[in-house]
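Working notes for the structure below.
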């Protein structure tokens, strides 16, 4: 992810950076490392606040597990982007809370929708697994698996895109919309290039030891903060 | 249950069998045995996907306990067949999730309806007990008993029918309707020709040892897959 | 808080004091001390029943933690005052259950709103933390933190006001409204002039030992009962 790519954002976010939260909000074109025991707080609805993540390896994926803990005060009928991975022309892997309250994910094209308990002001522990071989996909809420749905068997997620938290870029790092932005807290985001076992997801949910994420590992994650995003102690 | 009986289905399901799920979907006129640690996944709404079960003994019953774990993404107002046992002219024992969200069962004729917590994308542990002597019937959700209802005391369920998961046959193995079909997951189906004690149902709910089902025992159950039904590891 | 200030209330509450709860309702202009293992019961909707609290130190605050356990049968759409601290001209710190069910607090002016689980007939353990330095504010329900909201960073709560439970004074100890009054039970109210750690709030929630509140400590709290408020054993 080049420095150049973010210049467009800097113009938008310049005002936002002059804030009373000087202690917490940082303008950073430099990659920072590690969020152990930290929470990302997106305090307001904006079209310029996001966190760019640098993966440990390219997202050329035929299977994955994505986990995070997320909390939001946004109303139930509000669309919310939870994770966005985009290559130049395609949304490769987007996770949404939809307007109708369902949680969904999209691999290039039409998505698949799940009825989960609503996201609330309290932290929800959320994992998503998908395996191209069978197409079996499921969300895991507090370690409990949703009903499997069969989605895009045979599909491959393509590499060399950008990963954003907080905003949905409608083109490669552009066209952000406040109305889709994330407001609330995210922590403990981890990602693996395989499907974790049920017992490993239970362990992760309970804060126990699991294999470190080989795409993202929260403790050593590389990230860049843009706009109004605070990094606070998990307390 | 004769092979001949299924020929009518083969015509309907021939297309479905040519699918990308070749690995999981099997065309089988041969009875398979045992589903220990396996889940049946009914991924789509169809009028041709079902699992036929072969009981260990005839269902000539004056009492029974039927248990299963079930999960579905189907909307609340959708009727869903959960278990169908039919002789030539009658639905002998059908279990439904009704359009109004109640769960019901029918022994030849009018049914009896229970207000239970909704079936969701997460697995619900569901048992049903009925005793002809008293007519006492109840559903048990996660080991908790519903209020008893008195239903058809003196009645006997008749033998020599067919048992289907996933579809409701309106005649003996015919007239399937997609709009009543099951979509989701079923596992751990067990059936006894007597009423299990409360403590036994609690034990079953918690995955502890109970008397093996003498009509159906999931670990050794005989079954035939038809149409798009996947057998996947319980993970 | 002068004796003179309450004369206006005595006229209103004189009738109320002649009640069947004579044993429990006390007319007291004298400050009483300590509510260990006691619950305050506000049995009816009134515009004259309240409890005035005398703090151990002035509420000149740039941070605080306020905890209480609260139960109410009031309908969800009813506004309820949960805590009121008012100086001559301003509501310095008010905590409300709003008409729309959200829980809110106000520091001189516009408030901040949280979607929490509804208050019910069962006791809810509720804490509120706020830190002027960052503006980070949150409610804690049964020890679980809500999503942080950033609210009035840099603000200072001013000293020398009056603290009331049960009523919202629209001027310094005047203009009470039955329709905003509290009906139900309150107990274990404690307040600190700093933000308790997550582990301390968990401990408090579970009834374990925590640093004694240095503004209010339920075991040694100084209070005055007015109108129909009962002090009963927490049984």
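Every chain is named by a letter (A, B and C) in the order it is written, and numbering of its residues begins at 1.
Convention: a residue touches a chain if its C-beta (ideal position, glycine included) is under 8 Å from a C-beta of that chain, and two chains touch if they have at least 3 such contacts.
Here the structure is a predicted model, which is why all the values come from computation and not from measurement.
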{"item": "Contact-graph separation of subunit B and subunit C, given in steps at minimum", "value": "2"}
{"item": "Same vs different contact residues, subunit A with subunit B, by half of numbers used", "value": "different"}
{"item": "Separation of mean Cα positions, subunit C and subunit B [Å, integer]", "value": "54"}
{"item": "Centre-to-centre distance between subunit B and subunit A (centres being mean Cα positions), rounded to whole Å", "value": "39"}
{"item": "Subunit C residues counted as touching two or more neighbouring chains", "value": "none"}
{"item": "Complex contacts: residues of subunit A adjacent to subunit C", "value": "20-21, 23-24, 39, 41, 43-44, 71-73, 120-123, 184-185, 230, 232, 234-235"}
{"item": "Residue ranges of subunit A in contact with subunit B within the complex", "value": "113-116, 133-136, 139, 141, 144-150, 153-154, 197-198"}
